[in-house]
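Just below sit the structures, each encoded as structure tokens.
Shared chain: chain A. Partners: chain B in the first complex, chain C in the second.
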Partner chain A sequence: MRLDSSRSLLLRLLMLAVLVLVPPMAIASLRALDRFEEGLSPEMDRKAAAIGRDLLAQVDRAVSYGIPIDKLVGVDEFFTTLLNGNPEIRYLGLTTASGDILFLSGALSDQLAGQYRALHLTEADMTGRKTDIGAFVDLALPVRGRDGLVGQVHVGFDRGYIAAQLFGIFYDIAVVLGTSLIIAFEILLFVVVFNISGPMKLVAEVVHQARRGDFTRVPGITSADEVGHFVRAFNGAVRQVDNAYRGLMAYIDEVRTGHFDRNVAEKVGEVADRVRFLFRFNPSGAPQVLREKLSSDVRLPLFLFVFAEEISRSFLPLYAQALPAQVAGLSPELMTALPIAVFMAGIALGSLWAGAVTERLGSRKVFQFGLFPAVLGCVMSGLSHGVIELSLWRGIAGLGYALVTVACQSYISKTTSDSNRATGLGGYVGAVLTAAICGTAAGGVLADRIGYAPSFFVSTALILVSGWLLSQLLSMAEIPQSVVMAEERHGTHLLRIFSNWRFSILVLFAAIPAKMALTGYFFFLVPLSLWDSGHSLPEIARVMVLYPVVMLAVSSLSTRLADQMGWRIGQVALGGLVGGAGILAALAFDGTLPLVIGIVGLGISHGMSASPQLASIPDICWIECQRHGRTQVLALLRTLERVGSFVGPLLAAVFLQMWGGRGAIIGLGAVVLVMAMVFAMVAGAYGNGPHLETEEDAP
Partner chain B sequence: MIGRLFFGVVTAVLLMSGPVAAEPAAKPYRIYMALWRGWEDAAQGFKDYFTNQNIPVELIIRDAGQDRSKLPEFVAEAKQLGVDLVFTWGTTVTVDMLGTYDTVDPAKHITDIPAVFAIVSQPVGAKVVPNLASSGRNIAGTSYLVPMDTQINLLQSYRSVRKLGMVYNPLEKNSLVAADELRDLGKRDGYDLVVAPVEVVDGKPVVESIASKVRDLKAAGVDFLYIPPDTFLNINRDVLTSAALAEKIPSFAAAENPVLSSKAMLGGVYRYYTVGQLTAYKAEQILVHKIAPADLPVDPPKRLSIIINMPVVRALEVYPPMSLLSLAEVVDSGVEVRP
Partner chain C sequence: MSWSLARKVSAALIAILVSTMMVMSLFGFFKFEEVMSSLVRSRYSFVAFTIKKKVEDSLNLGFALRQLRQVQETIELEKARDEQIQGIEIYDARGEILFNSDRGRIGASVPETWLDPLTATSSQPFALMDEDSNVVGLPLVNNLGKVEGAVVLLYPSGYVERELGAMLGRLALEIGGLVVGFSLLTLVVASLALRPVRRRLAAMEAGLDRALMKDGDVAIAGLGDLGEFDGQFDEFVGKTREAIEHIKTSTDEVERLDRLA
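Showing the complex of A and B:
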């Protein structure tokens, strides 16, 4: 996140915001958690006692009918039903009077057998006896038969259950807190940059020019606040100087034309020349009003837009799974993957088109135009009745997503010069990644609390807010239409880029597998696998948020590394290998761990290779960049890699159908790793520096 | 004439006076109850419903004592008394007094007075109604037999059966129908049905042959005995269930008597009392809410009674699963039985 010269002010403001917001929220949350814990512990005891009594009554009844306690039938099924209905109960057991285990569900006998034998429960323990056994709290109740004590009923709950519940709530609170802080920060950043630091930068620029005697321009700030007053006062001063200059020049002219003394006329002319040499004034007769748009203006709306789109990240395949599959022809796995694939296809098509349209219509129109499909796609996704319908609306939402993001990118590149474009685009990536973190984490919590469909409506509301903000911003001053690039586009010529083997290999074995891993593994298989292994929506989001977090951390580091070492292709190759190997952790471990490794690996992989991949293009395709323009080549790369985005979930779905969840992860990981290995092997031959050979002498 | 029609049901007078005395203000509905074998649980459930709902009724109770020849007299009396509703108990009383839907004769049957029937095992098979959705005429009623797949699911949930045995009276059509249904369900649930019809001599089933038939089933490797709702077996239930116990075969009864008052181990039934209450509910719809009888479906009670005969369970040591036991009504006289 680069914040230009206002960095220190913003950091201080952020710290202030943290100081003001965090302590009260933390205190309130901690108090709530304390109350919760206080309430939960006795509640657990009561629950265990109630279930114990209920179970005891059933066993007592059976025993009273003369069924020997060790001959009871269907006890395990009976226990399972009870355990399923009461997730906080860890295990249920039934022992003989002496504590030998007869039936036990939910725990291993070895853990408990010794403790039970040592318990020596008597008939007098009417309300049961509570003991701590390792991580469990055990409640034992006596079973009384016709001839005294015949057995014991045991109800166990996990001491960790309360802690796990508390952690879940704590995490939810932390997500809400973190998200609101980031949003507060984004708003703060926006307000400061838009109202204070942006105008001040403009004033500073004008002052700087004035110091060198250049009075041709005044900052065009019209706000009604103190900054506006200041700028108007400042402008008044500049205009006064301008008027004085013009008065002086008029007087000199008058003297020169009216005075007959040649000497005097010359002297005056010298003064005029000297003034003209030292100071510059606008030849049009008044200082030009300077309005500069800042690339950071779009940061908040962009953040909100991406945030809205990311909300469904953790649950989209689950939502698709829950909807009825309308068409019989496709397998359920493919149906589940379809909304993601179509969304990606929508983005691919949208960005192809948006690139061309933005050149003609300008960012504002494209942005406004893109808002329609974005809002429509989002609200209708929430109202869908089937997977096909959902896929259609996701596709339309993808179209909107592409139009809006391309419009933002083009706005940024138009409001920045060559010198600060990197900073501007860095701000773009920063906003997108922060929004991905917030959106993914908040989306899981949101869907868990209010459901899938209403979460889409929240997204819609955010998109509308973002749209309103952006249209306000962009309508204030349309950027002067940049000179339409005169270069002619020869589609066929651009396509000859494929004979550049370096480019083709990069697309096929680095860019496409990276996207396949992202959409097929991370967007599709990860939420499904986590859901199938019984994780809740906030838990899924908790795991998935690792990707943008790791990527954000790694990318800033790796960009610096790449610039220092100039080892771009190497980073792309290494990134690919890390990503593929991470996914294949599923071979070595069971459960959630391989997914965590895979996601972190993917974050490292993409953080490491994304910007070096783009940055290496000018070198790899030196000739093509010269011929067609760098933008064109980069746009082609982005379009081609989206083939991977589209294919990823579909391929994963086919694997899922053939080999099940774990098999699909391993299958997809293998595909990604093999492709990355091919790239790594070829990477050595790339060499350094610009490649000047033309397609003709390429091998 | 009326005096002649009183068939010695002592309780009748007492029952009649009760509700009438309790609600002197409201004019009681007059209901003619034609019974087949005395006052039993269905009749009691029927009567109790009106008491519980505070509906004043005057019950005119007649018992045929299993004598079919008395039924035409009942028809004549009900018509003459001009009662508001007729209640018929059992297939014979119902068919003889109300007629079948294709042979109804206003001279011989009750047609103008609405009627409700109970304890008719096959309302469609006996042609009392063309289908269970509607009688299509001035009568309504209840069914009381548990659907066969419900019975088999219950039986299977007690203990998985591989070979199901059935002793039956080949002269009773109900039992033949039951055997066919059991055979079909066996294909679904993976068990074989082994049938053993009792011997018939001179057109009459032989009681003495029951025990030997049970022994045959045991020899065939049967692991559960199904007792159909068969009148002959109901009468001789002690012989049948004792034989099953002697052979250590657990038995399932489709009717309540073999479990409640004999030695069958398990029963899945609608209790007669509940059926009587549901029949009274239909009568209330007709009398109080003025709903046409043809608009009322013929259906069984919602609640299935699972009855477990505990002394038999203990004797056989075939214990019920906990989940089933928690739902069941347990019969436990405390008197131990021996195989």
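Showing the complex of A and C:
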């Protein structure tokens, strides 16, 4: 087992997490189901008794008028009405005193006839007799005439009815378990990296130098665990060598300055030179304490933050729909879309200056600064009394979201070198996607159980935990900030990038439609359509969680493919076509299936095109990247594509108002597909490799 | 208390276990309460429906709602059948209580909100909350389609907790027991899972200690495939010992030179 790598240890601890979480959840769920069935069973009996009593009263009345029980008219219709009004009751029956079936609705005679004949009900069974008949529980009540028992009334319900009613909870439990396992993974990853592999990497760095005789540094680990204990012993060894060296040097200095024999002084000088030649020690008088921040430090807080923000993903349009919304000139559909659009606008605005602010103030301060609008936006979203108010707070929350995520990206960027930056940013994407999976899935269940507004308060609590965690982690050693970046002065010059047609086409026909599909279709139309077709909030969340799951699965493959084949623009084009075509599945199918196809298509589309889109920028904008810096060009692309994020829900709302739910999906899908087709047609002209100015100027 | 690696991992896992079980129990209880409440509401709605049928049969014969004296007996009988029923009331379209299982309330008025369901044209059942009671009701409609009033049945809102509190308490205990049991298991298994880490660290520490002593064995033995880091660590230990010995030899040499004089 390697100590400076987290993989093997993490795998071991993940197995432990599964062992610790899955069995108790399974045992507790089964025990709870048993107990709940036990608790609900008497209630079912009471319901059956109430219906039986009513039925008996009706039959008793007819019999008391002298009508023979087998000559009753309209019994089947009466039974049907009762069964329709009481879905928990499976069947109703009326038999002779000996148990021969006269009227039966809701079950087959063959299933019950034998049991009824063997029942031997008497007049003494006033409150009825309960028996199990196959998959049914039957309550029989005696019908008394002038000459004694004349018949039996039977009310039956399914033995599995209660279990079927409670079964829905298993989906919720599966979501809770899945989310818990992902959270466990994130926390264990943090524990392992922060406590074991991270410090041991630092030790490995010092060991790497010291094995060649360089004793200038010691790892700065102060934990009280086994790793801390080992590091103290390790540092003790280095310091022992350092002390011995310094003792020797002091002695040599003393001899050289104090000895009268010049020959001796020269010889001890040679000894000092030999030691200095063989070993290196810190000239400052003691080994330098080495502290290093890891890009993974921000992963857990970022995960919690995005998790919190994603909780409202599956229900935000439904929440907006449920709030009062009366603004002259704005349709109800537009009002419903407004909170999503304003949230996206908040992110876009925040992203515009978050990068520069982070450069100036540092990741920790920007993160803390971003937490304020994030928390405020989240709390007030839960307390909103109208859509306009909700939109305002979502916009503020979007601002916070932008600041926090950019601060995290900046931190990762600063704690990594060129060689491991891709791994660091991969960790960022991984944390965001897993948080999206957990947040979306858990948000639906949460909102269904505790309501929309309290779900926002849960989000707020998570954001606060994330903030506390990050401020603790980043306070340990803030990375020194560089002077304000030189690229800032290029603000207006950067706009000349639009004269690069490759960049403009990529933004207009690939980046913007991708975001329009995400916010207009996935964030807005999907929850509304699923809700309108009768799905519950947890079901909506379970369908929506397909997007991050598919994206997570496809993105790693596509990144590898893009690196191996260098077919980045082709992947972006193909991704756009898949996304648009997926949404247009609504043309061919009805119900939930086209939505599932659309979501999976969108997941494939974005998984396929997101990384290649970014990776193609250094080639497409080679000159601009050299001139303004790659970060600035990428930040501009990110900001511009958010135009699509803002427009998407509003356009979808207009389509919704004009053509209804299905029409809006088809309309938006058509827009996305047409734009993707334009991009696909132009993609062939992009060529390979960096595009230099000379090439642009060539005839 | 010092936090060993096993304790840190155990604490993280136990915290996740506890919160997961709490969330699951909460969701489970909510679901159970939802199913239970819907069953209870459906049963009481049915009882109200049977009374409604009887009242409407009489209304259809041309009697005024106020005149149906036998209804008082019917509602008293229904209330007597189920001790959980807090009351059954029949009120007219203006909100005046005409019949009530508690005769003292006859002539009083129902809350304004109870009249809202009567404005709807349908005769669908409705559910209301009244302080600590749940209310299920049905509008009373004559054969001309006119809403004459409503029949409502009141039952306690804490019905589920009161009826099944003991059972839910037992279940909570069982789940608590599971959490405690698996927490202990976590402590043991986390300790076992991290034993190789502890052994490796201890072995490296011992190697360092030996290296700092004269004639100690430098190599870390008996730990299987140790990988690049461990190879380098061996070299580090060797170099450390070499440095100490070299400095010591150099010190002896300087001493000897110093004494020459």
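Keep in mind that, in the parts below, the second predicted complex is superposed on the first by the 519 of 699 C-alpha atoms of A that agree within 3 Å, B and C clash if a C-alpha of one lies under 4 Å from a C-alpha of the other, contacts with A are read in each partner's own complex, and residues count from 1 in each chain.
As a convention for this text, a residue touches a chain if its C-beta (ideal position, glycine included) is under 8 Å from a C-beta of that chain, and two chains touch if they have at least 3 such contacts.
Values in this document were obtained by computation on a predicted structure and should not be read as measured data.
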| item | value |
| --- | --- |
| Contacts of A:D225 with chain B and chain C, given as first, second, both or neither | second |
| Touched partner set for A:L149, first chain B, second chain C, both or neither | neither |
| First (chain B), second (chain C), both or neither touched by A:L376 | neither |
| Which of chain B and chain C A:L352 touches, first, second, both or neither | neither |
| Touched partner set for A:V22, first chain B, second chain C, both or neither | neither |
| First, second, both or neither for A:G66, with chain B first and chain C second | first |
| Per-residue contact with chain A, leading partner among chain C and chain B | C |
| Common ground on chain A, meaning residues reached by chain C in one complex and by chain B in the other | none |
| Residues of chain A defined as touching chain C within the complex | 1-4, 9, 12-13, 15-17, 19-21, 23-25, 27-29, 31-32, 35-36, 38-40, 43-44, 46-47, 50-51, 54, 57, 85-86, 88, 162, 165-166, 168-169, 172-173, 176-177, 180, 183-184, 187-188, 191, 195-196, 200, 204, 207-208, 210-213, 215, 223-227, 229-230, 233-234, 236-238, 240-241, 244-245, 247-248, 251-252, 255, 259-261, 264, 267-268, 271, 274-275, 278-279, 445, 449-450 |
| Sites on chain C touched by chain A in the complex | 2-5, 8-9, 12-13, 16-17, 19-21, 23-28, 30-32, 35-36, 39-40, 42-43, 46-47, 49-50, 82, 163-164, 167-168, 170-171, 174-175, 178-179, 181-182, 185-186, 189-190, 193, 196-198, 200-202, 204-205, 208-209, 211-212, 227, 229, 232-233, 235-236, 238-240, 243-244, 246-248, 250-251, 253-255, 257-258, 260-261 |
| List of chain B residues in touch with chain A within their complex | 310, 313-314, 317, 319-326, 330, 332 |
| List of chain A residues in touch with chain B within their complex | 58-59, 61-62, 65-67, 71-75, 77-78, 81 |
